[in-house]
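Two complexes, one shared chain (chain A), two partners (chain B, chain C).
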Partner chain A sequence: MTTTINAVSGNNLQVSADGSGIIQLQSNGKNTNAQAWVNFSGSTVNASYNVGSITVNGTGDFTVNFSNAFPDANYVISGTTGASSGQLACLTQPAGSYPPSTTACRVQTIYVNGSFIGPTNVSIAIFR
Partner chain B sequence: MSQVIIYTNTSGNVSVCVPTGELPIETVLSKDCPSGAIIVDDSTLPQGTDAQFFDSWKLNGTTVTVDIPTAIAHQTKALNNLAYTESSHRTSKVGAGLTNVMSDADWATALTTARAAVTASTTTAQLVAAIAPIQSAITGNAL
Partner chain C sequence: MTYGTLAIDTIQSSTTGTPTQFQDGSGTQIGTLCRAWVNFAGASGTRNASFNVSSVTYNGTGSYTVNFTNALSDANYAISVNPSTNASNGYLIATVNDANIGTAPTTSAFQFTTRVVSSGANANPTYVYATVFR
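Moving on to the complex of A and B:
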């Protein structure tokens, strides 16, 4: 069952929840809130929303598995990671090797020299 | 103690799938993991220094162990990365008119000793200890 609240006439602002419990805050038909997010450190999941599991594929190599699939894979992945101060690190989505799917996305934590980072904190939010 | 799902991935290493708690682990097993994946207690996974060598884990039946030859290869690469970074750092210090804490000869000897120790290691504890002097030397030579 989908529950919808129209805050403004003409559907300029709409809040809805589908049967799976996913909340959608929409403006002019576009979702504006994160449809999934997770914070984890290595193999420890600290908090999540619409993420059923994290798969550790290797050092600094993770798959985020969604609890509920997205309608397509054209979602936005934003996030941060880091190790020690002074060590430049980044969170990447290696689309060439592992393109995102409707059910999961692969992310990697990498130092500026290209080597994978070991256990570190990762925060990811998905928008669609 | 928590339950996780493990399986051998396409790279031949071990993947560990950690449920967030949003779904039953059996659902995660069928939805997110390939056929043959198994549920285990995370306490049965390698601990201590063995846990640091995740990329050297191998799954035999229901047991995960560290493959030492693979771990040696990984530690050799880690040592080479340390050596490369510190070599550039040492050159920069000399160029800036600063003195390295360890002489070039002593640094070369330390690297040779560490490489030999890595190659001769039979445990992950030995692998960690083998490069510890290099890590300490790098820290001691920081600006």
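Moving on to the complex of A and C:
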């Protein structure tokens, strides 16, 4: 049983439930809390919410598998990656090759020169 | 302690424009809700899904303005933007504009630019993901 909070006007809040087990705090019918988040190192999940597992596809190439599927793939992916000292790195979603799905999203961690990195820590939050 | 179940219709903060806070048993704030989020197409600014975002203005290749439905109380909010790849340019990175490049964030909107990591040239991601916290 899930409880949801929903706001009907302005920035007020309401609570409701959809039975999926995912808490939904809403404003004007849109969820305002993260629907999934994870901190992971390789395939090891350090802490998470609504993330079943991390698949390591290769160095710097990961699939985040959700415990409960989303209604569509139009969610927001927010995240950062660690990097070695002195290196500039970023986290990206390879939309052309692996677009997000309702059950999982692929993310890659890369240096600015385009090479993949295997970071010690990656943080991701999903909003929808 | 026992865990209770919250069964109510509305939670309303006591001050206009001030979000409801979540606190632990000691009264320490442990989080607030996302104030705005959007998933949009990088080639056009067309929104696929959003909350508290009325529109995304496509200013030109790799240049966007996210416009809020309800303005924030000030411009000191935290912005996170993650661009996806695109079909031809490989990896992209996003930078939020400040007063030196474009327009600094305001209570009603913020600008950012997406560039190719390897060259620094502006480019459109397939998808752009942005969140705002305050």
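By definition in this document, the second predicted complex is superposed on the first by the 113 of 128 C-alpha atoms of A that agree within 3 Å, B and C clash if a C-alpha of one lies under 4 Å from a C-alpha of the other, contacts with A are read in each partner's own complex, and residues count from 1 in each chain.
One rule holds for everything that comes next: a residue touches a chain if its C-beta (ideal position, glycine included) is under 8 Å from a C-beta of that chain, and two chains touch if they have at least 3 such contacts.
Quick caveat: nothing in here was measured; it's all calculated off a predicted structure.
Participant: State whether A:Ala104 touches chain B only (first), chain C only (second), both chains, or neither.
Facilitator: first
Participant: Applying the touch criterion given at the start, work out whether A:Ser41 contacts chain B, chain C, both or neither, answering first, second, both or neither.
Facilitator: Neither partner.
Participant: Is A:Asn113 in contact with chain B, with chain C, with both, or with neither (first, second, both, neither)?
Facilitator: Touch partners of A:Asn113: chain B and chain C.
Participant: So, does A:Leu25 touch the first partner chain B, the second partner chain C, both, or neither?
Facilitator: So A:Leu25 only meets chain C here.
Participant: For A:Thr92, select first, second, both or neither according to whether it touches chain B, chain C, the two together, or no partner.
Facilitator: The answer is second: A:Thr92 touches chain C but not chain B.
Participant: Which partner does A:Gly58 reach: the first (chain B), the second (chain C), both, or neither?
Facilitator: Touch status of A:Gly58: first partner only.
Participant: What is the contact status of A:Arg128 with respect to chain B (first) and chain C (second): first, second, both, or neither?
Facilitator: In the superposition, A:Arg128 touches chain C alone.
Participant: Please determine whether it is chain B or chain C that touches the greater number of chain A residues.
Facilitator: Touching more of chain A: C.
Participant: If I apply the document's touch criterion, which positions on chain A are contacted by chain B in one structure and by chain C in the other?
Facilitator: In chain A, residues 113 are touched by chain B and also by chain C.
Participant: Applying the document's contact rule, which stretches of chain C touch chain A when the two form their complex?
Facilitator: 5-13, 16-17, 19-20, 33-35, 37-39, 48-52, 70, 80, 82-87, 90-93, 117-118, 125-127, 129-131
Participant: In the complex, go through chain A and note every residue touching chain C.
Facilitator: Result: residues 3, 5, 7-8, 10-15, 25, 27-28, 30-34, 72, 74-79, 90-97, 99-100, 108, 110, 112-114, 125, 127-128 of chain A touch chain C.
Participant: Spell out the residues on chain B that touch chain A in their complex, using ranges where they run on.
Facilitator: Of all residues in chain B, those touching chain A are 4-5, 9, 11, 13, 15-23, 27-28, 31-33, 42, 52, 54-55, 81, 85.
Participant: Okay, in this complex, where on chain A does chain B touch?
Facilitator: Counting only chain A, the residues touching chain B are 38, 40, 43-45, 48, 50-59, 63, 65, 67, 103-104, 113, 115, 118.
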